[in-house]
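To keep things simple, chains are lettered A, B and C as they appear, and every chain counts its residues starting from 1.
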Amino acid sequence: MSTIEQEMVHAAEGGHHDHHELPFIRKYIFSTDHKMIAKQFMFVSLFFLVIGGLLATMMRWQLGFPNQPMPGGMLLPDAMMAPTPNGAIMLPEFYNSLLTMHGTIMIFFAIMPLLVGLFGNLLIPLQIGAEDMAFPRLNMISFWLAVPAGLLMLASFAVEGGAAGAGWTSYAPLSASGEFTGVYLGQQLWLVSLTILGFSSLVGAVNYITTVINMRAPGMTWFRMPLSTWALFVTAILILLAIPILAGALIMLLFDQTIGTGFFRPEVGGEPLLWQHLFWFFGHPEVYILILPAMGIASEVLSNRARKPIFGYHSMVLALISIGFLGWIVWGHHMFMSGMNPLLGTSFMISTMAIAVPSAIKTFNWLATVWKGDLHLDSPMLYALAFVSMFIIGGLSGIFMASTPVDIYIHDTYFIVAHIHYVLFGGSLFAIFAGITFWYPKMFGRMMNERINKIHFAFTFVLYNLVFWPMHNLGLQGMMRRIYDFTQYEYLAPLQPMNQFISICVFLLVATQALYAFNFFWSMFRGEKAGNNPWDSNTLEWTVPSPPPHGNFPEMPVVYRGPYEYSSPESDTDFYPQTKPPPRKPPVQDLIPEPVTPTPEGF
Amino acid sequence: MIERFSELRNTALLVSVFVIIAGCGGGDGGGGDAGAADAAPAESPVDAATAGNVAGIVTFSGTALMMAEINMNSEAVCAAKHSTPPTEEGFVSGENGGLANVFVYVKEGLESLSFPTSTSAVVLDQNGCVYVPHVVGIQTGQELTIRNSDGLMHNINASPTENRGFNVSQPVNMETNRSFPVAEVMVPVRCDVHGWMNSYIGVVDHPYFAVSGSDGSVSLDGLPPGDYVIEAWHEQLGTMTSNVTVTTGGTTEISFEFTEVMAGSPVPMGEPIDLLHPDGHQAVDH
Amino acid sequence: MNWSWILPPSFSTVSDDIDGIYMVILWITGITFFITEGLLFYFIFKYRHKEGRKATYDHGSTKMEIAWTMIPLVIVLWIGALSKGVWDTVKVDVPPAGLEIIVTGKQFEWTVTYPGPDGALGTSDDFETLNELHAPEDEAVVITLRSEDVLHSFFLPEMRIKQDAVPGQDITVWFEAIQPGNYTIGCAELCGIGHTTMNGTLTVYTAADFQAWSNSQTQQQQP
């Protein structure tokens, strides 16, 4: 028997055989269990989420209170904050590092590993009825590649010249020569870190795709998979195809920086626009990597909490696939002003306009799911509803920048910053809050405290909108991105009060997250104990204990129906688990009427 | 079989982690014996009783090079600091043909001696959006204090070839300190926010250097007796050398006469590390 | 604090076109916003759980799917078609030049080169200004945009002009101002430590005043 079969037999026998008592280091550090790896990704990513938030907080200090001494600034080295008699003032090169590292850490070390590393690992095997991923050791490698990548990224703050300062998009030639930014080693560490992280994502993607294709339980047809699994599957394909492009570009840029090649440096015959094409050819699928799993999570939570099937399941799948496909042909919309041929501007505009449609389809389907539902407005539902609401705004603002002539004005302004944060924070992060809260009992066997989460939700939702909505206005009034001191521009000086307002709201917003952090840790020990299925959900992960044992399912689950059979007339409750056998049909003989026996007189 | 592999692998991982930590700890933990210069200020190796002096005059003959006026309209605060519009300082001469901003230093003759690093700092000031002084000398390891007296954004972009460069900003009145560990003649420094601002720093590993004023005079005092090669460097006119012999208690006179035909000649700036032009490099026109 | 979604005033020949497309999109997205968010909040309120409420067992409607696929598709493609015309006007169809100049971006300043009295660039009577662009009104100013080092982005907000300056390339940008005044030049692409200081002034004159200014510059720069 293979090891996997052996383990299944052992799990079925329900025994704790001695050779399965794993040592601490194999159970918690170098684990091959997808559920543990999911938690590892979660803890590390939440840590980086906090770091990313702190970096943004410092940026907002400079924007809200330009050139004023920052509280705590004296604790930072002189290379970042210039000491003056009144305190420490932020230096422009540190501001540039902050904006670079905020974007990089949030995208690559927070949102992506939360959506793909946490939810991909946690949900895929459980929701399709598998005992683990197809390649558990590869899964472990995926996590343990991400850790050194993160450490390198953090270490880059400590080297001479500071951390990378050319933006998370690292446009050449600014990023190609240290003398342009004053950042030397930091820029190289950024490249190496992301290359390592790329490998982490790639091996993860291979694992997810293989698992979904090969390890679905009997009866789990493609169109009975939950939308969260579908979304993660499409995301994994995007990762598989996009990350190699990024890795190639990163290595080319590293060579330009270190050994004198001229891929992107014009002084030796290189082409700066090549970097942009390569980066955005990866970068646009990347942003769909950042939203598709969130959409899957939202569908899951909305349907369950509305006690209603997801409206238009097949359309939702088709929309996921369309977004995944169309996402490859829109990258030029990041480059409308770049100097590329204007005719390409038109072609990319058309494809970009087209990709708005599947997102709209999904939004209408979510609205229709909620319509005539039985909405339990607990915290996962609130987060998921906020996702829909904010995603609408983020999606609609995208139409402005898709139009090439309007983009002339709003490109590289705060209008773009507003758009990206509405989809990444309003969208992805709210979905992450929904997902963590919803699957918390499955991970830890306890519920999170509802009241704390509701307070966290209310404050976060309000403050978040107070922060990012006005950024639309700032952009429309011409405030550029990545600008250390906008008051140098006379026409922007009147925007100072709004920037200060936003900054204060950011400080409050960041402080509010302490509520969720507290709830997260407190509930692990004091949360209300959860049974197998606290949300009365249909999907397979809720048929096993919370948390599930090693091997997940004591016996191979059999799936009889789709995942969204809520309020089905066939069920006596308002949910109908996928694995619940349908009522036994009466034997065929019972349906055949009694044969009429002929009487002696005839028929 | 798989269990054993895992255990082997884990052990290997742990061992390598410890090896790495041990390796890091054993290396340079900062400080260490970097040489006599880092210890308590040593006595100068020069016996004052036997030392001599060099007095020099740097002149220019020919038609003076025209220097353009600097248009400071884009920085009104700085423009207001100049009663008459400033001109570029690539060529500054005074009465009697004296040539200013020439960096004069002992190029050869002091190799056998090592000198303590001066503990005072050399100040490079940004005032009125010009570097003051325009050319300055400093010892290896000596502290350079870059001062922003203007209270508006400057950046200091130093692009040496032998030393590590830096590009730092000063958005307000403040000071930044740097030093150069390797001798290099000259390190160009510029401000990118105000493109007309440039200066040059001559880094030598001994204290015998000077920058001429507009009267062209320089003096190198307290040299041990012996033969030396003195070099004079000018940013537009190139370099000249002169051999001198210093005698005990005496003042040897030298003169450098730059002529207009030298204008535009290649101006050496340290040893180039240039992958594309390993056989030489062009004049840098910053 | 200005919460308006109306664009600030602009003063070039393409202003109305660009601002017009913006308004079309604002109307369409604005109406969509109010309808969808309104429905969402209404549904949350109306269908919140109450004792005895049962959700409707409804898997979807192909008709609705077709409707809310086709209608948005038509709308966005229509917006795209409208936009293409304006885009071509601004970026593709460069008008014959009234004034030709070169704008060179470098860390951290804009150098503007004018042709001088002979009207031709690249001759000895060309003169330069730093961080200042002077232009006559009602004349197409055609700019060859260059960069000496890294990417910059030449941004004239009141003219609704933006174009990245790419080292190694000459890129053509043009504008025609319709009103004299002092306007802003900005850099809209992160270009290093001093990115925030790359601001300049665009001064638009009447034709006569521009001629006077141009003459005075020529005199000044020719000692």
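Here, a contact is a pair of C-beta atoms (placed from the backbone, for glycine too) under 8 Å apart; a residue touches a chain by one contact, two chains touch by 3 or more.
Computed from a predicted structure; not experimentally measured.
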{"item": "Centroid comparison with chain A (C-alpha atoms), farthest chain", "value": "B"}
{"item": "Pair of chains whose C-beta contact count is the highest in the structure", "value": "A-C"}
{"item": "Averaged-CA centre spacing for the pair chain C and chain A, given as whole angstrom", "value": "32"}
{"item": "Mean-CA-position distance for chain C and chain B (Å)", "value": "45"}
{"item": "Mean-CA-position distance for chain B and chain A (Å)", "value": "51"}
{"item": "Set of chain A residues in contact with two or more other chains", "value": "92-93, 180-182, 484-485, 488"}
{"item": "Multi-partner residues of chain C (each touching 2 or more other chains)", "value": "107, 192-194, 196-197"}
{"item": "Where chain B touches two or more other chains, by residue", "value": "153, 155, 167-169"}
{"item": "Chain C-touching residues of chain A, taken from the complex the two chains share", "value": "92-93, 96, 166-167, 171-174, 180-182, 266-267, 270-273, 306-309, 311-315, 337-339, 342-343, 345-346, 349-350, 353-354, 356-357, 360-361, 363-365, 367-368, 370-377, 385, 388-389, 392-393, 396-397, 399-400, 402-406, 408-409, 411-413, 470, 472-473, 476-478, 480-486, 488-491, 494-495, 497-498, 501, 564, 566-569, 574"}
{"item": "Chain C-touching residues of chain B, taken from the complex the two chains share", "value": "71, 73-74, 153, 155, 167-169, 192-195"}
{"item": "Chain A-facing residues of chain B, complex", "value": "2-3, 6, 10, 13, 153, 155, 157, 159, 164-174, 176, 275-276"}
{"item": "Residue ranges of chain C touching chain A (in the complex, touch as defined)", "value": "1-5, 7-8, 14, 17-18, 21-22, 25-26, 28-29, 32-33, 36-37, 39-40, 43-44, 47-49, 53-61, 64-65, 68-69, 72-73, 76-77, 79-80, 83-84, 86-88, 90-92, 107, 149-151, 153, 155, 157, 160-169, 171, 184, 186-197, 199"}
{"item": "Residues on chain C engaged by chain B in the complex (per definition of touch)", "value": "106-109, 129-132, 192-194, 196-197, 200"}
